[in-house]
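The structures considered in this document are given below.
What follows is chain A paired twice: with chain B in the first complex and chain C in the second.
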Partner chain A sequence: MTEQDVIRLVNEVFVDSFEIEKSRLVPEANIFMDLGLDSLDIVDLVVALQKKFGVTIRDDERVRTIRTLGDLQQFILTLKKEIGK
Partner chain B sequence: MKRVAITGAGVITPLGNNVATLINGLEQGKNSTVYIPEWEKYKGLRSLVGAPAVLENEKLIPRQNRRSMGRLSIFAVQAAEQALRDANIPQDALSGGRLGCVIGSTMGSAESIAEAFETLLPDNDLSKLTSTKFFQCVSHTAALNVGQCLGITGTVMSTNAACASALQAIGTGYDLIRLGEQDIMLCGGAEGLHPTVVGSFDVLFATSTKFNQNPKATPRPFDAQRDGLVCGEGSGIVVLEDYDCAKKRGAKIYAEIIGFNSFGNGSHVSESSREAITACIKETLKRAQVSPQEIDYINAHATATIQGDKEEAAALREIFGANVPVSSLKGNLGHTLGASGAIELIASLMMMEKSIIYPTLNLTSPDKECQGINHIMQPLRKKINLLLKNCFAFGGINASLVCKKE
Partner chain C sequence: MRFLRIAWLNFCFYPFFIIFSLIAFVSFGCLIILSIPFLSKRKIFKFLRLAIRWYGAAIIRILPWPLIRLEYKNFGQNDPSGPYLFISNHRSACDPFLMGVFPYEIVQVVNIWPFRLPALGIIAKIAGYLSVREMPYEEFAKKTLQLIDAGVSLAAFPEGTRARHKSVGQFHSAIFRTALETHAAIVPVCITGNERVPPIGSPFLRPSLIKIHRLPAITWEEYKTFNAFKLKNYCRAIIAKEVLLMDQT
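So, the complex of A and B:
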């Protein structure tokens, strides 16, 4: 899976699950402030990403440092690389 | 005690998604039962007919409100919004603490509950459950979602008494206003059609099973050929208001609620009891301070079950004899369960407004055990000053309400 594939699939989750227009999905967008997700949405974001990428995120401490869409895309890329190893 | 007026109404029903369409459907004698081929896959489900409503415009509800709603809560919010508009309630009343809502349903969204178990059980894996599924599944889902979506800060409460849910909700709102605890209440019920709900009646032999190939001929309340109920869905919400406040602001008043009662039968969870129904209605009339002969129209519960219809007919026969006109709207709407009390009350209020009684659709030959009451089998022009609405629920819970024309 390429970096572009990961970005596209992460963005799909925001469009499909949270009805956010593609034009707003820029890497610097803050997930809370700019994209409007709240605590319940974060739970659903984790569920959707785990299903989409076949990864386990829920108990990963690194999730707490994620602020922007770009942070999240890079985190998923890192996870995929770790699985690849 | 304060007086209580009904000043607004909203509906989502199998006959249409507003009051005008509902009444138009009743006027035209429409039946909303359809064959549902998707249910053929369920082993042991014999009733393959239902009365579905159309889910539409749901995306007009903001996502962050909609995410906690199953099908029935969406119906409830849409009906509540209609009712508020109809009553012309100002927006700021919603957050003033003097407006509340009591909305019931048989249970939480059946569709959402099924989805939750389908997600959870194959792998016994909780991590796949989304955060908002809980709010769709809880028994107070309709009330909580209407409260949250509309920003209601007064009383938010749920009555979950199966098919008596909506009438109990209206009765509870009536009490809250009578006691002066709230000024305006959004009250009613909601229900979603789902095979698990139909199945719960089917295993008790309470559903219609002989008309799968001829769905328009069922349900048949009070009829000799009736063979059970047809499940429907939707929502009905009324705006109840302090009568004096409503008069002061010049609101349109559909009717005044003058009596409500809900009694248990204390004898059987599923078998209707003519004695218990009689006791419930008599107490309602007593509270309303009206005699049986003063009632101009009875909107019956009559779902078309073999047992329930004859018990209700026996109770009506004992109290009212053959004088007071009786009809059931289940032949048009199916049984909208937790929503039925409100949807059918709203239809009855419109009959009161139009001075007409819509007949019991599919009643062509009253069962001998349902005779001795004044069955309305053709539209009847009649001035309605006082009406009685009945709802009877599994669990032996009965409820009745009396409304007086303004």
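So, the complex of A and C:
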């Protein structure tokens, strides 16, 4: 899976699960302030991402450092690489 | 002249606020304690919440009048019957008192600090008010479900904290998840003019006209296809649009 695939699929989760317009899905968008998710929405996001990518995110400590959409895309990319090793 | 009006308002309001609060706490407290042997727990809670509503309405409608006035418009005459989920924008510490304009048994969903207020915090706890940040979401969901089943309306300020500017902040989704669980009608409430009662960072009230608009309820039929995220943003957009109009007029 390429970086572009990961970015596209992560963005798809935001569009499908939260109906956020594609134009707002820029890497520097803050997930809380710009995209408007709260802690409960994050639980839904994690479930949707786990389903989409077949990875386990929930117990990963690195999730706590994620602030922007770009951070999230890079995190998923790292996870996919780790699984692929 | 402006300074004199502010001085007069606060000089009159705060002493009466303290005296009135003491009288209200003692008299309502005695009435409730005396009624314990004769009334069911449910009726005592109902009476306590009614007393809080009267207290709140008196604090905000009578004590600061005429320098602080309330203009309440109800656009929800055709709403289905309750219980309701009242959701409001939040600019002022006086907002919980403003919920006293609604003639229902209401439990408010509050942030941490109201529970830490002397006397008022204790009474809010006894009345079953919900401190949403001090309980796991599962417990919050269970309690709100029980309240709605018992016919009790809920009032929440989904921004979570007072707005520091006139736009409406991002909403938290907890109360909207309650809506999706209970199918209760959501009533958007828009409040303006309250940002000076008192302004953030000052204890002094300013003369003001507080406008409260109760908008038509959003029924389960309207939102049943939404998820919590879409519902909170749908409600936020309705409130933000009305608040903008209210600020301009």
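Simple rule for what comes next: the second predicted complex is superposed on the first by the 85 of 85 C-alpha atoms of A that agree within 3 Å, B and C clash if a C-alpha of one lies under 4 Å from a C-alpha of the other, contacts with A are read in each partner's own complex, and residues count from 1 in each chain.
Criterion: a residue touches a chain if its C-beta (ideal position, glycine included) is under 8 Å from a C-beta of that chain, and two chains touch if they have at least 3 such contacts.
Because the structure is predicted, anything quoted here is derived from the model rather than measured.
Upon superposition of the two complexes on chain A, a steric clash is found between chain B and chain C.
By the touch criterion defined above, A:77 lies against neither chain B nor chain C after alignment on the C-alpha atoms of chain A.
After overlaying the two complexes on the shared chain, residue contacts for A:47 are found with chain B alone; chain C is out of touch. In the superposition on chain A, A:38 contacts both chain B and chain C.
Look at A:58: by the touch rule set out above, it reaches chain B but stays clear of chain C. Remark: of the candidate stretches 145-153, 163-171 or 199-207 in chain C, the one overlapping chain B after superposition on chain A is 145-153. The intersection of chain A residues touching chain B with those touching chain C, taken from the two complexes, comprises 18-19, 36, 38, 40-41, 44.
Those residues of chain C whose C-beta lies close enough to touch chain A in the complex are 137, 170-174, 177, 227-230, 232-233.
The touching residues of chain A, counted against chain B in their complex, run 18-19, 36, 38, 40-41, 43-44, 47, 50-51, 58. The residues of chain A lying in touch with chain C in their complex are 17-19, 32-33, 36-38, 40-41, 44. By the touch criterion given at the top, residues 63-64, 67, 127-132 of chain B touch chain A in their complex.
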